[in-house]
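We call the chains A, B, C, D and E, going by the order they appear; numbering starts again at 1 in every chain.
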Amino acid sequence: MPPADAQSPGQFLPTILLLLPFFSALIILLGHRALKNASVLISVGSSVICFLASLALLATKGAEGTVSILPFIDVPGFQAGIDAMIDDQSRGMMFIVTFIGMLVHIFSLGYMKDDEAKPRFFGSLSLFMFSMTGIVLAGNLVMMFIYWELVGLSSYLLIGHWYQKASAAEACKKAFLTNRIGDFGFMIGILILFGLNKGDLNIDNLRDAFVTGGPLAEVLKNNPGIITVAALCLFMGAVGKSAQFPLHVWLPDAMEGPTPVSALIHAATMVAAGVYMLVRVSFVIVTPLAAETIAGIGCFTALLAALMATQQGDIKRILAYSTLSQLGYMVMAVGAVSMAAIDGHAAHGAHPGHPAMFHLYTHAFFKAMLFLGSGAVIYACHHEQDIWKMGGLRKHMPITFWTFAIGTAALMGVPPLSGFWSKEAVLGAAFDSGCRVLFIAGAATAALTAFYMTRLLVVAFFGKARTESAHHAVEVPLVMALPLALLAIFSIFSAWGPFSDFLQAMKPEHVEGHDTVLWTSVAVLLIGSISSFLLYKGKDADPIRIKLFANKFYFDEIYAVIVRECQDRLAWFVTGIERIFVDGLVARLPAAIVARIGSATRMLQGGHLQGYTFLLGGGIIAVVYLVVFVLPRTH
Amino acid sequence: MSVFTLEASLALLGLVLLLLEAFKPEISRRTLGYTAMAGTALALVLLPLCGTQLPEFMQPWHQIDTLALFYKGFALVITLLVLWLTLECAPYLTRFTLDGKLAEMFSLPLIVCAGMMWMASARDLVTIFITLELVTISFYVLVAFARKSALSLEAGVKYLILGALSTGVLVYGIAWIYGATGSMNFDAIGKALANPATSKSAALFGAAMLLVGLGFKVAAAPFHMWVPDVYQGAPTPVTTFLSVGSKAAGFVVLTRALDAFAAPGSIIGSEVQSLLLVGGSLTVLLGSLPAIFQTSVKRLLAYSSISHAGYLLLALACGSGGRFDIGSNGIVAFYLATYLPMTVLGFLALGLMRVNGQGEDLGDFQGLAKRSPLLALVITIAFASLAGLPLTAGFIGKMFVFLSLVDHGYWGALTCAVIAAAAGFYYYFRIILAMYTTEGSEKPALTLTPLTKAIACGLALVILALGVYPRPLQKVLTPPAAAVVVK
Amino acid sequence: MITLGHYLVVSGMLFALGLAGVIARRNILIIYMCLEMMLSAANLALVGFSRFHLVNGLPDYTAQSLVFFTITVAAAEVAVGLAIIVALFRTKQSVETEAITKLQG
Amino acid sequence: MSVLEIVILLPILAALAVLFGAPARAASVGATLANLVIVLALSWQYAAKGSTGLAFTQAREVLANPAISFSVGADGVSLILALLTAIVMFAAVWQIQDRPAIFYVASLLIGGGALGAFLTTDVFFIYAFHELALIPTFLMIALHGHAEPIERKKVAWKATVYLGVGSLVLLAGLVWLVVEFSGGRDLTFDLEALRAQAKLTPLPVEKQGVIFFVLLLGFGTLVSLFPFHSWAAPAYATAPTPVAMLHAGVLKKFGLYGLLRIALPLLPQGANVPWVQNALLLMLLGNILVMGLVTIRASRLDDTLANSSVMHMGYIFLALAAGSEIALKGAVLLMFAHGVSIALLFALSGKMRNQLGTLEYSKLGGLASHAPAFTVLFAFGAFASIGLPGLSNFAGEAMVFAGSFTTFSGTLTNLHWTVILALWGVVMSAVYMLRAYRHIFHGSATTGLFMSDPALPQRLPLILMAATLLLTGCCPWLLLNLLKGALAAS
Amino acid sequence: MPPLLFYLLAAITLGFGLMVVTARNPVSSALALASCFVGLAALFVSLDAYFIGTIQILVYAGAVMVLFLFIIMLLDIKAEEGKQPNLAAIVSGIVVAVLLVTQIMTVVSHTKLAEKSLQNTPLALVEAASKAEGAAKLPTIANDLKAGTLPDAKLIGFTLFNQYGFHIQVVGLLLLVGTVGVVVLSKREKTSGGAA
């Protein structure tokens, strides 16, 4: 652990950031029926304070170190305290989380105005804020895992906010379970590191153990295979949380939750936590196999999700698949950077900047905004989510339209919006990795992104209203419009020099000679958006129908079969075995034997005197035989 | 006053009671019963005060050591309880006896008691034979005493034939032991058996026959088959007496015989120990397993009695080489002391059921907790103790046995004991369960006199006290250190 | 030459004979007689041993005392036994073992 | 008189008082509340003083050779379990409603037995007190269980025979231990003396393995170690609520406690003998994987809870197999956590059964709308039991897993593979718990079954347990502070 | 004693013994038993146990067997005619007996002691008298011994009353118990009237 010198960031701010939302959540969740609307106030208030605190934290720029806040587990050989690791990475992420969190809180004031269970909603939001803060600040992997699970819980609660709806109830369950599968790997990874590093899971110390010839460097030399396994296991956690293939299925379903939730959790922050974690522990990804796998999975997810997004009709789902695709991008960037580092092309790790983190950062603003914008649309259209039942919203909802358009442009990577810079950084990393496939697939994804986003914009906002509800749509109130506007501003400027410097955005220092990348990205943007615009302009129904894409490559169906055929069949089979054989062999058989012997011995007691005398006589013979003729020989 | 006088007086009191009954038939059975009880109680009080010095002529065949004194006290206690039980059961018993009289049921136990007390002191085979026969013949009479009951009579005949058969075997064994060792006295037998010149096969044959004879008395398998039939058929107080008194007497004799046969250095020691081990293992199993399906509680208690005899045999099989100061003889004594209150309580319940016009089957026990909560509680304690649940007396006894077996590494026997104890859980708990079920609670409530309640509670308390704080009894039974050295 | 062994074998055979009778017969009276035979066989063994276990050149009379007691006890036993058998006969009109099989199981 | 003796005797005396006609509820609640306060105070004192060894000791001789004495004493492990007992017993007694006095008596006896087992330091009494709880458990299941009379009697018999046989095997093992460890001297049952002897002259490793295995079978049966588990699920599903709470929550921990307190210190190498360890690993995988799958199949809440309780024991056995200090401390935490969470869940399912008359998933749904407070409480229990951080179980599970990986140095041994498979069990437990939660609370209440939140006084014990879960979940160091000197590798 | 006599007596004893077991009529059995006891008494006498031999005849052959016969007559028990003999019981009886005899013979053959015969272990009456210990101290017995005769009854009496005085009293008690038992068990009830 670095010495706590004058540069130490102090304990006050992290403590506020962590505990305020925690107590806010606790108070609201336990007492929301007594508190009623006061709970909304508590929650929003705490989010505002947190935002201010994170701003103050940004001001401590340059200070690094881990401060411990509270003990958690402290036994010989295993210390894991509640701590806060403060560096550029966490400060920047902290800002994103609290800023978008605050905006979503404010937006929700409007969006959830009429919901009966508003207090519960805000309580869960606070819980989420707490856990997300925790992930960002966590200085050791145990704590990271703890908050990791807790964001899972808050996501579960928020997706299942309208639990009366069967689809919501199923979706929240699915989200939690899929994440659990990822966490299964995450935990194994942590355990392997725990064992290899003699019980020290502090992230700083782990890095030192790799870099400065600690025990892990030793293992890496002798047994690189296990490091690969560790890296991939940690990655599995990210696969779950960041919804990478093959665990991506939960994220689209998670759109069952209220739209602000989708914006905050399932677009901007929580799903990005996987990437954040990967970058945090990227020093573990030091074997080619691990790096290639990560990059490959990310790339595959990006492409796959983009393909699916092209054929969706639900506005939130399109955005969800887009999020998937962008997350794939980020993951690919992590892998690509590591690949490059292993080959010695580029600087390793998160310092001073990382393309994945940079994309995460920009993406958070515009994707949050897109979701909030879609929320505004849905709100305005009386909870209509099908883009084919909208249309012409441009006129009814100008603010929404413009902000949405800015977001779309940022997402597509229109220069000089923030998305352009970060996407270029990612493609650059892919290019640098030396793997052509990554780069080509990345470019293809970019084209598809442009394609489906244009499609969304064209179908929903242009043309004329296709239904009554779209026709009567009106602009949203100020409390909802304000966050949109703020986010739009960030979507444009956040990648720009001084601004991103202040926000510590992890912007990678540009490597020279990326003309290829630059031109490619502009070219695919044009190809995608123009083809889409031409194709969808003025259409009332989808002109192309690709069932495979529309049905998401049948992943849900395949998984359903797997669950049914494997897990349920296995459970049925095992239960049968357990009932019949285990219980039978251990309990029923001995019982039956004893019972049989019992009734057999009862036959000796037949009540016939002659039988008894015979037994007695036989007994005498037996005893004499035993005592006189057998035992003396044995002794 | 010497202990011997006490015993003689007890027998004399029995005779006096007989005479009273014969010549003063108008005397009520209560008077008779209470007189007998008073006499026994008095003897019990006087026992610790008596001197233990013996005249010289008695010393070859009589001894008064700790064990003897303990068993004398034991005999007095069980006799007292049996006498009281007889009074309790009198209303029911008199329906089956000659002219509704019970006088002999009060006087014979006194004589049996004297016999058992003498037996406890016996140190030669002649004395053992005589006292054993005194007890046995008295029991022939007592078992068949309810002669208007076909079952009692049947039990009497079975006991008679098998008992006489075992007597024959016993005498034959005595003959061979005498032939091999040239003496009837245990000390001399022990000395002769320590001499390698003694004929081993003759000694073994004699010991085998003798042990068969004694095994019959204590209900060791495979000589146990009379027990369920006889216990079931005999009047309940007599069954109690048989189950506790006669068994204890058998074990005293066995203890004394084994002290001679299996003393360290004996040429037949290891064979005898092995026989006990095999017999004990067989006995616990043959006592427990058939009991699983018993629906007659009285018969079940008989099987239980067999099973407990098995544990006692296993304790004896561990011999004198154990690690406990109390010694295997002490363990047997301890076990019997714990066995007394629980068995008596069990039979008391049966007796009370009969007196209140109910049967002895499992079904009759249903709902007892409603009909008589106190009785149900004490019986629960008694059966828990029989099953060997900790914090009851029964557990301490069993633990001693288990400890000895493990100490000697007798794993096979330990396995049998564990299986038997497990089966025991089943059949004792079955009765407990029956008592607390709601079915059958509509039957008339049982009436208990205050004395009955007091004695039942007292016995239950003894069970608990011995289970929680057995140290005093252990102290009593631990032979003085000097005696251990002499061994 | 007649040895102690001869006597012991005779006693053993008589004992076994008695035992066989006890097992094989179902008339309780005869069973009882066989039992007496077994006791007598035991007595024969005792007397035999006592004759050959000389104490100061005389037979060992402690063993013979036991024989005396055995005979006495046997007499008492017979008395009680016969009384029980008579009582049984009175209720069952039979002295066969088949009459007493009610207690079982 | 040691204060621990008061703690042990209080519930037993209260049970007797109720039996002889004292006002049942007042006496029981009073006694258990007093106990809770005392145990809390003792734990506080113990932690505050930073004590490590046994505290509050007192011995009374019961037998001389074998030396047995009624000796009480508590270290961190026993205090944590006593705390668990006190909490669950209080909750169990409090939540009894409109039931005959026998419910109070049984609860007090089971609780008192557990307290006795945890707070005595003589092997004899540790064993004895556990058995004390057997009869009330048996009778309560057989007489007041939630099933047809024939069915519930069957269940009671099965449990009793299993437990009986298990405790006999255990007795044999304990006796063996006592005989082996008394050296050439008088036998003693005093745990401290035995430990001293074990340190002085350890047994040969192979023999340790054999004895450990016998003890494992004995204790294991009491803890429903696979494949000796089939008594547990039906028994818990059938048992009356307070009995299920106390048995699954508290009494079952006795076997683990015994292994922790008796088997491991006396036979430090026992669990490491390869065949013993492999057997244990196989059995505990049976607990986790087989029972996990069986739990997934369950179609009633009580079945789910009962089977899950069997499954969760696997993790604690894992700690025993690992044997490292971290894992063992984690096991203690997990015992506490599981005890509270399963007791809470059984209490809730009992209330549901009372109000709705059924626990079949197919007939339930949407309860969250009618009974929000109830739902929150249930969520506490359910999420605790699937190891969600912030609730009690997580820290324990994490420590168990971590403790099993302290020996990891690059190659995965059987132990490590087992851990990995056990981690999959964590996923499975999420599957069945969320399935249960989904069926009962989510969705819409279209089936016409209606349930309301319990009245506030009735909620009190439930809130107490939920708060305990939260508090110890967020601050596991509260409990770990008690364990400072305990379970260190010898 | 000539071996022939021994064999004759043994044959009488065992032969009548066999008859006891096999006779169908209880009366025959009882009579055979009496005869068997007479043979046995003779064997006793051949072992220098005159007193025992005498009471064997007096008590057993005389009193006990008469009691048996009396009861048989009283109860009017018929022979087991018409009834199928229990074959299994008979076979098992024979098997047990044969095995037991085999065992006893093996044991006897293994016992050194059994090789003693009346010839090689004669009584040493005169020496016993000269040692003048125990019973031989008494003048009457000593005189008999010196005269070369065995004062059998006297010696038994001496042993009994010197050593087993207590036992004799116990046996007396036992006989009393027997008597009481007989009364209790076979007395007719007053209500039903009549004598037994």
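Keep in mind that, in the parts below, a contact is a pair of C-beta atoms (placed from the backbone, for glycine too) under 8 Å apart; a residue touches a chain by one contact, two chains touch by 3 or more.
No experiment lies behind these values; they were computed from the predicted model shown.
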Each chain counted as touching subunit C and subunit E at once: A, B
Most heavily contacting pair of chains is C-E
With chain centres taken as the means of their Cα atoms, state the distance from subunit C to subunit D in Å. 64
Counting in whole Å, what is the centre-to-centre distance of subunit B and subunit C, each centre being its mean C-alpha position? 26
Centroid distance [mean C-alpha coordinates] between subunit E and subunit D, Å: 71
Which integer distance in Å separates the CA centroid of subunit A from that of subunit C? 95
At which residue positions does subunit E touch at least two other chains? 86, 89, 92-93, 96, 100, 103-104, 106-107, 111, 113-114, 163-164, 167, 171, 174, 177-178, 181, 185
Among all residues of subunit A, which ones touch two or more of the remaining chains? 602, 605, 607, 609-610, 613-614, 617-618, 620, 624, 628
Among the residues of subunit B, which are close enough to touch at least two other chains? 126, 130, 133, 137, 140-141, 144, 147, 156-158, 161, 165, 169, 179, 201, 204-205, 228-229
What pattern do the touching chains form: line, ring, star, complete or other? other
Which of the chains are touching one another, listed as pairs? A-B, A-C, A-D, A-E, B-C, B-D, B-E, C-E
Per the contact definition, I'd like the list of subunit A residues that touch subunit E in the complex. 610, 614, 617-618, 620-621, 624-625, 628-629
Can you tell me which positions in subunit C touch subunit B when the two form their complex? 8, 11, 15, 18-19, 22, 28, 31-32, 35, 38-39, 41-43, 45-46, 48-50, 53, 60, 62-63, 65-66, 69-70, 73, 76-77, 80-81, 84-85, 87-88, 91-92, 100, 102-105
Would you tell me which residues of subunit A are touching subunit D in their complex? 29-30, 33, 70-78, 142, 145-147, 149-150, 153, 160, 163-164, 166, 168-170, 172-173, 176-177, 180-181, 183-184, 187-188, 191-192, 194-196, 199, 219, 222-223, 226, 567-568, 570-572, 574-575, 577-579, 582-583, 585-587, 591
Any idea which subunit B residues touch subunit A in the complex? 157-158, 161-162, 165-166, 169, 200-201, 204-205, 207-209, 211-212, 216, 222-223, 225-226, 228-229, 270-272, 274-275, 278-279, 285-286, 289-293, 419, 423
Tell me, which parts of subunit C touch subunit A in their complex? 19, 22-24, 26, 28, 31, 97-98, 100-105
